[in-house]
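Structures for review follow.
The same subunit A turns up in both complexes below, where it pairs with subunit B and then with subunit C.
Let's look at the complex of A and B:
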């Protein structure tokens, strides 16, 4: 009882102002205008080509961004743990600095970099690679780069602690037994860092699924669920449909959270 | 000892690209904020502070800044008042119920903010809070709470229980132990958690967006509608100012509370 007293306010606060609103949305998604229960919105979500495509694009984009983050993040984490030396501070700064900037600043930064008279066009023209400035606006590549920019630090910071905990004698043992450096990495280090990679992937995938500011400002031609939620909330104001799409995103996030917890338990 | 090693050089190249990739979009905005031109053009034709002046002239920015400060400070205070006692109650317990409660307190970190923003707007309107500052405070409080809890609980786990036991043996009541032993030792952690919470609330867009009204538009919401309409260096100036304040806060916090130790704990080698 004495233990519960300091805990109760926080739990009640979240239950009342976080859980209840979310449940309210789930309820709204299955309630028809006349108050009866309906699954019509889910039938539409999972039956209509437009919505199916939006869900597929959401998942594909998140998966692609996650993959890019692993490919770019693993080498950086590896270097940070094994070779960084005096560069360690610079890399840590690079990982933390973006967290101090607003999401709008970072998105705006990509717009500026690739603006018609921005630094990239300046460089391309200076090198004589193009004659007139390229119009990059709205390209999917830039939107993806901006998403990776936001999420990459999370990936690196998830992999680093696991790499740090690997006993280097295992690699030395592999080397003594005749494995080349590359083979030792592939058969010893990489499998042992699997857990950090998975943790980072779940985290990045989860956050990518819900992100919308980047795509809203940079375009890219994709229609993801968060974008549709934003647009339908602003324009059609079909709140039942918005609730149904929100519920799908919510369930996805809960699934990711469950995976994350299983991973933590297994890792002890 | 090490010869020129192609694999290591490749790794170095990747890391150099990573640093360029991470810093370029930020540095380019900082540079642009000092331009004398009226539009985005590189190289900068000249230097000036006109965009910082524009930022101070544009009433919606200042209004948004005021709302953001109120919300971020209020939500942080709320999170500390709710989160610190809860962290102390949970941090050292291995009981499954305590672990579940901890997971629950941290769960807002994992939920898509756009969904929670939409949900909170409806729910809070239904109970009569609607588009108001208290509604924003409550919604931001839910998102800030996990940051305070995570940092405080981690620090409390790191305190040797012997300190509290010693005070209790010497006859201190539980309240006295908390006041004179535990809370002073946790002050850096609580400060760090508050700082994260403040920055997270200040930068939150997906949540605040749904509570848009002249009296409740936070700075990011105002900035979003500005960049949706025009593409000029005013956003660069305001972003740069915001970055400068965040860096300043971090440096000050480090000076007074030694955040470096706190954050660097997991650093190791």
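Let's look at the complex of A and C:
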């Protein structure tokens, strides 16, 4: 008990500013207008095709963005650890620099760059590659690209320290035993960096799961739970439904954490 | 270490207390109220047009709280016995919600003498539990270089957008007043109304991919400036303010059917300080409202206000705009949002 004492301030803070508000949200989600208990909102969420589709779109978007972040982030992390040398600091700064700007400004930047009469379209037209401007904004592709841009640093920064800790002699041993560079990477390096990939995936998945500014401003034709929560709060003020959707989002995040713990334990 | 003896500490505390003494009577003289303002130029206008005259007239202090009407109403709902806000600015839908929940007080001529100069049209929607004190009209904001002949009516706007004459940008469902400024206004202009918004949904279907949606005012201005949109539905006051700040390419036109009036209401929460009444009265006065209109380019509701040349041409008289049935729209809002989500899906 005495050993837990130093944790008390943090635990109290979390209890007051996280656990209690969360319990309040759960309570609101199961309280009807007349004060009685109800599960009607959850029945609607899990029984109406529209809301099921919104949940599926939320998960699919998060999974897609996570996958793209792994595919784009792993080579960057690998290059940083193995080949960047004295450029390492510069690359790291370039990677993290976008996080120093407000997400709203960054999203407006995407809007300006990819506008119908924006620099990208003007360049494509100038090079004769397209006859009419391409409608980038409002498309799913641009929304995903913007999300990957925001979340890529989380993936790279999760993988880099794990790659750094891998003993290079293991790869050399694989080479001595006849494995080519690709096979050595596939059978030695990649499995050993699994924990970093997993941590990055969980981080990116959870942040993507709750992100809404990018989708709100860039469109993408998706109706995810965070967008619906914002809409219900701002437009209809149906706090009961807002709370139910928030609880479902929270459960998704908790499920992700549980999965991470399980996989890490399995890996360990 | 000897400095921090109990006696030393007591002496320091006493010294601090004594040094504060001369200020005490000054603090006790004036009371403090909390008033609200939207961000940006709104905040500046509230400070100079309302808060400063109030402080000068009463000796009280008006603390300006920046935020959004949704947040303020939630704060009042959370603590109705001791509301953290004394004078509230809000949108009509939320003002109606506050009235229905019994959270706000009735305005009277005794408490706010300037109420007599406000037309009944701006008092009745809230049944006297608040007043609509300023308004903007949602019409066509367009890029003068790219749209040489702007549409004169909603019907013409829909037809020409459907033909692909331009890329249009309309308020999206994430924006709080879209049910008023777009769904109801367009439905009404196209032959429907609060009980029949089919014409609006039909029009959006017809315009297809030639229309996109904005979810914040900056979003729309960015789209028009960057060339992502050529025309859209937006507010007159914001357009003129934007134009004055350098976007001289932006023009505004009130549709022939009349764009919707998007008013801002003022309310006093129950159990809030009585010192808020003089502040609210200043907000209703002709002098303060004219100063406010000059800063924001929005129309105001005190009938004694005479706009100077230049401003008069910019402000759409409320008689030439469409007055929304706010309470009826509020009752349909959730159903319209649900239909939008299922049919428009953008």
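Definition applied: the second predicted complex is superposed on the first by the 242 of 268 C-alpha atoms of A that agree within 3 Å, B and C clash if a C-alpha of one lies under 4 Å from a C-alpha of the other, contacts with A are read in each partner's own complex, and residues count from 1 in each chain.
Basically, contacts are C-beta pairs under 8 Å (C-beta built on N, C-alpha and C of every residue); 3 or more make two chains touch, one makes a residue touch a chain.
None of these values were measured; they are calculated from a predicted model.
A.B. asks: Please determine, from the superposition on subunit A, whether subunit B and subunit C clash or fit.
C.D. replies: After superposition on subunit A, subunit B vs subunit C: clash.
A.B. asks: After the superposition on A, what does A:103 contact: first (subunit B), second (subunit C), both or neither?
C.D. replies: It touches subunit B, and subunit C stays clear.
A.B. asks: State whether A:20 touches subunit B only (first), subunit C only (second), both chains, or neither.
C.D. replies: Touch status of A:20: first partner only.
A.B. asks: Who does A:78 touch here: subunit B (first), subunit C (second), both, or neither?
C.D. replies: first
A.B. asks: I'd like to know which partner A:10 touches here: subunit B for first, subunit C for second, both or neither.
C.D. replies: So A:10 only meets subunit B here.
A.B. asks: Pick one for A:210: touches subunit B only (first), subunit C only (second), both, or neither.
C.D. replies: A:210 contacts subunit B only, not subunit C.
A.B. asks: Could you look at A:111 and tell me whether it touches subunit B, subunit C, both or neither (first, second, both, neither)?
C.D. replies: It touches subunit B and subunit C both.
A.B. asks: Does subunit C touch more residues of subunit A than subunit B does, or is it the other way round?
C.D. replies: B
A.B. asks: In the superposed arrangement, which partner chain does A:223 touch: subunit B (first), subunit C (second), both, or neither?
C.D. replies: second
A.B. asks: Taking the superposition on A as described, I'd like to know which of subunit B and subunit C A:235 touches: first, second, both or neither.
C.D. replies: Touch status of A:235: second partner only.
A.B. asks: Which of 62-70, 98-106, 170-178 or 188-196 in subunit C clashes with subunit B after superposition?
C.D. replies: 62-70
A.B. asks: Touching subunit B in one complex and subunit C in the other: list those residues of subunit A.
C.D. replies: Touching subunit B and subunit C on subunit A: residues 108, 111-112, 115, 117-118, 217, 230, 233.
A.B. asks: Enumerate the contact residues on subunit A facing subunit C in the complex.
C.D. replies: On the subunit A side, the touching residues are 50, 108, 111-112, 115-118, 135, 137-138, 216-217, 219, 221, 223, 227-228, 230-238.
A.B. asks: Please give the residue numbers of subunit C that touch subunit A in the complex, ascending.
C.D. replies: Against subunit A, the touching part of subunit C is residues 70, 73, 94, 97, 167, 173-176, 178-179, 209, 212-213, 215-216, 218-219, 222-223, 226-229, 333-334, 337, 341-342, 345-346.
A.B. asks: What does subunit A use to touch subunit B in their complex?
C.D. replies: So the residues of subunit A in touch with subunit B come to 3-4, 6-7, 9-11, 13-14, 17-18, 20-22, 24-25, 28, 72, 75-76, 78-79, 81, 83, 87, 90-92, 94-95, 97-113, 115, 117-119, 122, 145-146, 149, 152-153, 161, 164, 181-182, 206, 209-210, 212-213, 217, 226, 229-230, 233, 239, 242-243, 246, 249-250, 253, 256-257, 260-261.
A.B. asks: Residues of subunit B touching subunit A in their complex?
C.D. replies: Touching subunit A from subunit B are residues 7-8, 11-12, 14-15, 18-19, 21-26, 28-29, 32, 40-43, 81-83, 85-86, 88-90, 93, 101, 103-105, 107-108, 110-116, 118-120, 122-124, 126, 138-139, 141-142, 145, 149, 199, 203, 205-206, 209-210, 220, 223-224, 227-228, 231, 235-236, 239-240, 242-243, 246-247, 250, 266-269.
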